[in-house]
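Presented sequentially are two complexes of chain A, the first with chain B as partner and the second with chain C.
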Partner chain A sequence: MSVSTVSKEQFRSFVAALIGSEQTVVGVQAKNDKFAFGPLRRAEDLRLDYDVTILSPRKYLLPPKETLLNFQVAGDSQTVCDCQPMVLIGVHPYDMAAISQMDELFSQGEYDTHYMNRRQAITIIACDVATASANVFASSMNTATVDSGFDILLTDIGGAYVVQADTDKGRALVKKMAGAKPAGADDMAKRKAVQEKNRTGLNKHVLECKPAFLPKLLEKTYDHPVWEDKARLCYSCGSCNQVCPTCYCFDVQDEVNWDLKTGSRCRVWDGCLLENFATVAGNHNFRKNRSARFRHRLYRKGKYVPSKIGGQIACVGCGRCVSACTAKIANPVDVYNTLLENTEIG
Partner chain B sequence: MTKPRVAIFDFACCEGCQLQIVNLEEEILNLIELVDVVEWREAMSEQSHEYDIAIIEGSITRDEDVKRLEVIRSRAKVLIALGSCATSGGVNRMKNSFDLNEVRTCVYGRDGAMPHLNTRLTQACHEVVAVDYKIYGCPIDNAEFAQILRALLVGKKPFIPDYPVCVECKARETVCRYEYDEICMGPIVRAGCGAPCPSVGWRCFGCRGLVDNPNVQAAQEVMDKYRLTVDDLKQKMVLFNTK
Partner chain C sequence: MCECCNGKKDIYRPQLWTINKHRMLNGTEMYLHLDPDSGKAFDYIPGQFVEVSLAGIGEAPISISSSPTQKGLELVVRNVGGLTKAIHKLKAGDKLGIRGPYGSTYPVSQAKGKDLVFICGGIGLVPQLSFIRYAMDHRADYGSITVLIGTKCHDMRLFREEIALWSERKDITIIETIDEAHDCWDGNVGVVTTLIPRVESDLPASQVLVCGPPIMYKFVLMALAEAGVPEENIYVNLERRMKCGVGKCGHCQINDKYVCQDGPVFRWSDLALVPEAI
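So, the complex of A and B:
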């Protein structure tokens, strides 16, 4: 680990030079009164003071629609792997945690070449949160700060950034930051203060237990009335899934070309709240009720996915689902706290 | 292999959905490589009584429309309803909320009583005959039309979404109209359009009609959370009769 300090002005020059290089540079920018990740055209558009982006950077690792292969009808197929070198600037710790989870999930079992190739082509410049969003609860989920997964981690300490490079890719980039000097004790103390503050301060919704306790809690609550109570107002619109940095489920669709002899197989985002998510051949839907789908999402986050990745809870507390849910029922903390109130855990 | 014979017919509508097919422009050449278009009033003069696939645009608003559609159905192996008017009755269906004599007088004045202006309650195609496939939208999306047609020609079930427009708004990072305390039909209306209207600050107008299983309970109760009323919502539903 090497830690340096650069002034904001020097960092901006570095980003400007990066934009002029061959790789795609994606960063957080204002989008009307919100923020979103998008291709950076000018260094001054980068907004590392943002609170939360509408979608997480998942959209660059697992695009809303991607071609997996081209095929000949009743014949061969050719894998398509479209991945360009990319630098992703401004990933918050909770989103970094989500990416690290997806890295584990897509590389275990059936290795997902499409995801992993794209992941390896991406250099991540993460940054500590400078502004808390309206619904963030990362402090509750232990994801308010992050210590791995990124190539570089930036912390805003006022007039400058503390820059931690953790990988060869990261260190190579720091070498290009003109004016970067080893971080002094004073800068490190300021960084520590920012991170300590975030560890408790990004907590607009307070989970009343340690996240590690959730799998155990959920063992006892499958038939709890909260599922029906909340899901009564569920539109099944899948907004909570779409904005979630850890939702990675997809549907696979085939499209044929005009010659009717060739076509392509695409994967597109799916969502377990959508009515037909669990519809299979023969038109049987094994999660037909809204409440079953509503429950499934919170079991995925708190129990099923954790069992695949060493107990890590698959809700990182970004709060996007809380904001995106039109019916205002998606807040995981609300649901988990309700379960805690009424459930005795031996 | 002989090419399937396709005929396109229009009923009560603006013919904008047919125009969307014309708007495929050079891709029409690909289309006619695959099918024999034997009747299509908007684009050609020929007519035919023999076809495999009938594509119906427009809603059914007169007694003679019913007879004509029944004949088409009896001749076609596959019948596709094209666009909002054909799939739901469309804008034309607004008249069903009024007395039909009043409607005739309002539109045609004194001539409204003439027999050729007879009118009946507007119906969608599937309310009159069996419909095999529905292509939604006002107007339809021609890329989606082409994709559905190709799927059918290759013998594959076409993908036609049955999830709300919210899915497509989220994917393109459009901020929800409800965040600005405005009504939007998106949470109960079928997607597939790519959500262009909310992306430029409009609400979803609901042209694709409701999803198969809309949460009516939610639609009613959620309005309170945004200082809106159920009546506000119902008013917006009149245009594409999604009440």
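So, the complex of A and C:
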């Protein structure tokens, strides 16, 4: 680990130079009154003071639609590999935690070359949260700060950034930051203060238990009335799935080109709240009730996915689903706290 | 495989296989026999499935009905959706994409020396055939073999010639029934559950393998419980929507189980307490 300090002006010059390089540079920018990750054209558009982005950076790791194969209709197929080098600037700790989870899920068991090749071509410049969003609860989920997964971690300490490089890719980039100097004790103390503050301060919704306890809680609450109570209002629109940084379920669809001879097999985002997510040919739907689908999402976050990734909870507290849900029922903290209220935990 | 894949295989790219035989088994089920264009050996164990695709239409999980003791790969495809409708239009010489084999297997080794009872409802006979044929080809390895087959109506019965041949043998007992009586049928009438009391082997000590439509499991499992069959001696073979077959896409999940990896064959004792399973 090497830690340096760079002034904001120097960092902006560094970003400008990056934009001029061959890599695609993606960063957080203002979009009307919100923020979004998008291709960065000017260094001054980068907004590291943002609160939360509309969609998580998942859209660059697992694009909403990606081509897996090109094919000849009814014939053979060829792998399509998309691994353009990219620098992703401004990933918040909770989103970084979500990316690390996806890395594990796509590489364990059957290794997914499509995801992993793209991932390896991406350099991540994470940054500590400077402004808390309206619904963030990362402090409750222990994801308000992050200590691995990124290539570089930035912390805004006022006029400058503290820059921690954790990988060879990261260290190579820091070498290009003109003016970067080793971080002094004073800067390190300021960084520590920012991180300490975030560790408790990013908590607009307070989970009444330790996240590690959720799998155990969910073992006893499968038939709790909260599932039906909440799901009664659910539009099955899948917005909570779309904005979630840890949702990675997908559908696979074939698209035929205009020549009717060639086409592509594409992977597109899917969502377990959508009505036909578990429907098989012949129209049998294995998860027909809204409440069963609503419950499935929160079980996946709190129990099923954790069992595949060493107990890490697959809700990182970004709060995006809370903001996105029209019916205002998606808040995981609300549901988990309700379960905690009436459940005796031995 | 491209350079950046570091020699790693693309898990989503199917291999081409050529259809060399096909025929309709009844009004909706088509039998297909395929050989790999690569000429490479294809190793699988009864119970597993493959992802079958027709580029331009789509991909779906299909059970393997052949036994690894046979040559090539045999599939039975019901005309029920867009992909299967297109497959039904194929002829000998046409190609299908195959990925796999995927999923768990029947207990071919653990069941050695034990009596086997297969309970099959409708198209549920298809995946079971893989193990039935395998057991018949390793006949000395297993105790008695009983196959209960329930079919909705007389003209939907599958693999009639093969079943007729087995019916004449002494080393396998076949008991068939149809749900609806018919003039052309002088056999049993009623659901497959009604055949369970007629099994002659010691049912609680047998390995009982069940595959059929969702509604069938409920009644068969109740009848087996009544007959005193322990849950760990029962295996069910489940169907779910799948898009990847490799534990990523999330579609086949039943609570914390992935049907594509933990299943499709489950020991009932591992599933009995899992809601949504059947």
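Brief remarks on what is shown
The rule we apply is simple: the second predicted complex is superposed on the first by the 345 of 346 C-alpha atoms of A that agree within 3 Å, B and C clash if a C-alpha of one lies under 4 Å from a C-alpha of the other, contacts with A are read in each partner's own complex, and residues count from 1 in each chain.
Keep in mind that, in the parts below, contacts are C-beta pairs under 8 Å (C-beta built on N, C-alpha and C of every residue); 3 or more make two chains touch, one makes a residue touch a chain.
These numbers come from a predicted model, not from an experiment.
More residues of chain A lie in touch with C than with the remaining chain of the pair chain B and chain C.
In the superposition on chain A, contact of A:Ala36 is made with chain B only, not with chain C. By the touch criterion defined above, A:Val73 reaches both chain B and chain C. In the superposition on chain A, A:Ala330 makes contact with neither chain B nor chain C. With both structures placed on the common chain, the touch criterion links A:Val129 to neither chain B nor chain C.
Of the two partner chains placed around the shared chain by superposition, chain C is the only one that A:Leu105 touches, whereas chain B remains out of contact.
Looking at the shared chain after the overlay, A:Trp258 reaches chain B, while chain C stays out of its contact range. By the touch criterion defined above, A:Tyr304 lies against chain C but remains apart from chain B after alignment on the C-alpha atoms of chain A. Residues 73, 253-254, 256 of chain A lie at the contact with chain B in one complex and at the contact with chain C in the other. Considering their complex, residues 1-2, 4-5, 8-14, 16, 53-60, 80-81, 83-84, 94-95, 97, 214, 239-241, 243-244, 246-251, 253-256, 261, 275-276 of chain C touch chain A.
On the chain B side of its complex with chain A, the touching residues are 27, 30-31, 33-34, 146-147, 150-151, 153-154, 156, 159, 162-164, 166-167, 170-171, 173, 175-176, 178-179, 186-188, 211-215, 217-219, 221-222, 225. Within the complex formed with chain B, the residues of chain A that make contact are 31-34, 36, 54-55, 64, 73, 232-239, 242-243, 253-258, 260, 269, 271, 274-276, 290, 323-324, 326-328.
On the side of chain A, the complex with chain C involves touching residues 68-69, 71-79, 81, 83, 105-106, 109-114, 117, 120-121, 222, 248-254, 256, 263, 265, 267, 270, 272, 277-282, 284, 286-287, 292, 296, 299-300, 303-304, 307.
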